[in-house]
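Taking it in order: structure first as structure tokens, then the write-up.
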Amino acid sequence: MSRIVTPPALGLVATREAEAEARAEAGRAALALREITVSYGESPAVFSVDATFPRDSLVAIVGPNGAGKSTLLKAALGIVPRLSGTVTVFGMPLERARDRIAYVPQRASVDWDFPTRVIDVVMMGLYRELGLLGLVRASHRERARACLARVGMADFAERQIGQLSGGQQQRVFLARALAQGADLYLLDEPFAGVDAATEKAIIDVLKELKAEARTVVCVHHDLATVTDYFDRVLLINTRKVAEGPVATTFTGANLQATYGGRLASAHIDQLKLAD
Amino acid sequence: MMGAEFVQLSLTPILIGTLSAIACALPGNFLILRRQALIGDAISHVVLPGIVVAFLVTGSLASLPMLAGAAGAALVAVFLIETIRRLGRIEPGAAMGVVFTSMFAGGVLLLEQSDTSGVHLDVEHALMGNLESLIWFDATGWASLLDPAAVAGLPPELPRIALVAAAITVLMLVFWRPLKLSTFDEGFAATLGLPVRLIGLALVAVSAVAAVAAFDAVGSIIVIAMFICPPAAARLMTERLEHQVAWSVLFATLAAVLGYVLAGYGPLWFGSPNAVSAAGMIATVSGAILAIACIAAPHRRRIGQPAG
Amino acid sequence: MSTSLSVLADALLLQGGYNAALVAIGAALLGIAAGAGGTFLFLRKRALVSDAIAHATLPGVGLAFLAMVAFGLDGRSLIGLIAGSALSAAAGLFAVEWITRRTRLAEDTAIGAVLSVFFGFGIVLLTVIQTQSQGRQAGLEGFLLGSTAGMLFQDAVVIAVGGVLAIAALVALRRPMTMVAFDPGFAAATGVNTGRVDMAMMMLVLAVTVTGLKIVGLVLIVALLIIPAVAARLWSERTDRVILAAGAIGGVSGYLGAAISAAAPGLPTGPIIVLVSFALFLGSLLFAPQRGVLAAAIRHRSFQLRLHRRQGLLSLARSEPIFDPLTLRVLQREGLIRTDRVATEDGRAAAARALRDERRFEIAREIHRDDPFAHRYDGLTPIEDVMTPDEIAEIDRLVNRPLSVGAPA
């Protein structure tokens, strides 16, 4: 894509119709972000990003370190305050759609020394269902174990949570998200620090989720696997560079624009890219 | 030792001490897991200004205003700590140090300046507690427990702490899941839509209520021992939160009973007729329990920490 | 009232009698040492360790009293009590470190446990003392909240000398302590023995604590170590200045507090000193130039307005709809759009300028690629502030040809 800058057509303004049209589009998507700006200090980490994640898709968010990928997810979840912008989830404001979203952070900021077992952590994913005092039935335990098994962690159910390797911990949190039975999954680098076999297992789980008509959004760093794993991609570097189907969006030019000179063209040539 | 004299002089202090220890240990479990042990410290200090202000406003030491005053002071303290931390970008420990010392200082000065001679409220008791004085005048023996007239003469601190301990237990059971969830993984709890800040504040308020109910008995500094020592020792016994809480209740009870008995009867063994401070002794015993746990408890080491 | 005011004035001007003057000077010296010494502790993020140290002094005070009486000495000798309290404070400090290192318990838990258990044990000892030697009831309670009323001349001298020694030690150790507080890793790499420096810092804190016990009291002395440091931190980003400012704030607090307390002998000294330092802290929090609340509020608001203005202008320039109410308000207030959201003449001009700057930066980023230069641009700062006129002219030359992103620069 080459962005030829056209002379600005000034004087046009927001019309009510445009506004209505934007709303309708947001309603059709699993997640729609409008004009999201987040700033931790004096300079924005995410600047005025519009992005639409259609239902029933497997989307990668790609960009260099510090590009604001994690921040964008957190803003979508309302974990960090937005300076501006709106979030729409399945056509509803975020607050009303919380139980349809599951999120796995890049680094779970938990106390690994906490007195709790792996299976207890996965059970936490059932909180929405159990509520304050709901009885834990055998079927709930079964489901939690099944989710653990899906990420290949069934044998570790009784371990204290700190007695796992980093990759195993990551998988436990994915299992907890699975237990939530959400419609929209936001995963921040689910493949970071996992071995090849696990990566395969996880992507299979994600593809299953999509097959079950759920939407999965992953922050992803490995450019070599984007085309294999995902159907859509969002490229950002503080601002949005491009979004769309992998086939048309994951191009050398867009990657150059996202990563700048940091990505040597020789390296880009080795990637499986859309043309 | 188990006769009428025991019922009159020792039964109520032991009960009050035990219930205080349990009421504090329950929220204490969560405070130490949240790395907020020192919030317990801060709370117990600001109970004093809370009580003094409540007394100055209402003119009495009735339970309700005191509980409200203390809980209010604790929330004010937390608010101030949070504000200072955020506005001044100061690390939480230091922000805490600024707030609770200043509020405590304010409480002491208020107390010294106002006329509290008519009531049982002075700085020394605020610091040291006065468990021994909570005796049951009207008791003549175990039978008094069934005598309505005598029961009416129980020190009012006892029903108050009993109520507080019961309320805390019920709250903890009802809100067990959100409490555990938000303590373990606040970010996840927030994405579930749990009001994590509110839960944190509620924990602080409940701790403050426990602290003020225990305040009469053990004063504002020894309360800290009850918040921290039994849960800390319990943490070293197990890897499951449910079990940890059970252990902490056991340790709290042990410390209170043993501490009281040692304070009252221990000096006799050394040939001294005078008892020593029961509150102080309870803290000492809870410290001893923690020390033993630190040396010998099964799960005392951090994961990955080398033995030795 | 007027008499107490004149007593206060006397005390402030050191006219309130030789003893009161000496106490005030002692408190000021102590405050300087505590403020400056506490700053290192604060910068090491270990401020509340001092609370454990302070409370852990109580058993030492009791034991020292008992020991001195047992040896037929005067149990109230301040030097003896200070020595005893230093020993038990050291034991408390050791306990905190041991628990933190050897068990899974966190430092805050260790601090709370040590603080309360040592204090509880100290209270047990105090009750023993009270019952054993009623006649010589030692007024050890004064160590809880501090009292200067009826302080002996030699006690005042001990405190003043202690303060001077602590300040001298601070001056001697300031370089290594600053290095370790600022960046322990770097300090270790340059050959500083961080363990030993930390130890020295803790000993210094301990010395200040036991010296100040009689004046401020063990419950509140931690305030004198923390509050001045926190207040001073608000005023400067430079370690040496923070230390100086903390010393000054601590000194003023100690001096004023002791003087006020001399004018009102019924009140314990510690709380007064603490409240004076808190007042100084509050002033700092509100009015400090960079980190102060007022300054920050003004900065944040102006940033937010700039952001919305910029975003709004870009939307105008790109003919995109604007939904955000604040953006609309900002633009309307500046007369850039009309109430029906149509851009005014000014608005169109400003939007064109915003878009041009955006374009210039796009090109600048092309040119500079890997250069950290690209990060200078936050989307808000006027381009003239970031680039020289020459750079802008150079860029403007390029603006006039269409450029596809990703083409070789």
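Chains here go by letter, A, B and C, matching the order in which they are written, and residues are numbered from 1 within each.
As a convention for this text, a residue touches a chain if its C-beta (ideal position, glycine included) is under 8 Å from a C-beta of that chain, and two chains touch if they have at least 3 such contacts.
Owing to the predicted nature of the structure, the values given are computational and were not obtained by experimental measurement.
Contact topology of the protein chains: fully connected, every pair of chains touching. Among the chains in view, C has its Cα centre nearest the centre of the complete protein Cα set. In this assembly, the chain whose C-alpha centre lies farthest from subunit B is A. Distance between chain centres (mean CA atoms), subunit A to subunit C: 39 Å.
Per-chain CA centroids place subunit B at a distance of 29 Å from subunit C.
The distance from the centre of subunit A to the centre of subunit B, each centre being the mean of the chain's C-alpha atoms, comes to 44 Å. Chain contacts: subunit C has residues 104 touching two or more partner chains. Residue positions of subunit A touching 2 or more other chains, listed in rising order: 113. Residues of subunit B found to touch two or more other chains are 35, 235, 302-303. Residues of subunit C touching subunit B in their complex: 42, 45-48, 51, 55, 98-99, 102-106, 108-109, 111-113, 115-124, 126-128, 131-132, 141, 144-145, 219-220, 222-223, 225-227, 229-230, 233-234, 266-268, 270-272, 274-275, 278, 281, 285, 291, 293, 296. Against subunit C, the residues of subunit B that register as touching in their complex are 32, 35-38, 40-41, 84, 87-91, 93-98, 101-102, 104-106, 108-109, 112-113, 123-124, 127-128, 221-225, 227-229, 232, 235-236, 263, 267, 272, 274-277, 279-284, 286-287, 290, 294, 299-303, 305.
For subunit A in complex with subunit C, the touching residues are 2-5, 8-15, 18-19, 22, 34-35, 37, 39, 42-44, 47-48, 83-86, 113, 252-254, 256-257, 260-262. Residues of subunit B touching subunit A in their complex: 33, 35, 174-175, 177-178, 180-181, 183-188, 190-193, 235, 238-241, 243-244, 302-304. For subunit A in complex with subunit B, the residues that touch the partner chain are 77, 79, 95, 98-99, 101-103, 105, 108-117, 120-121, 124, 127-128, 130, 132-133, 160, 162-163, 176.
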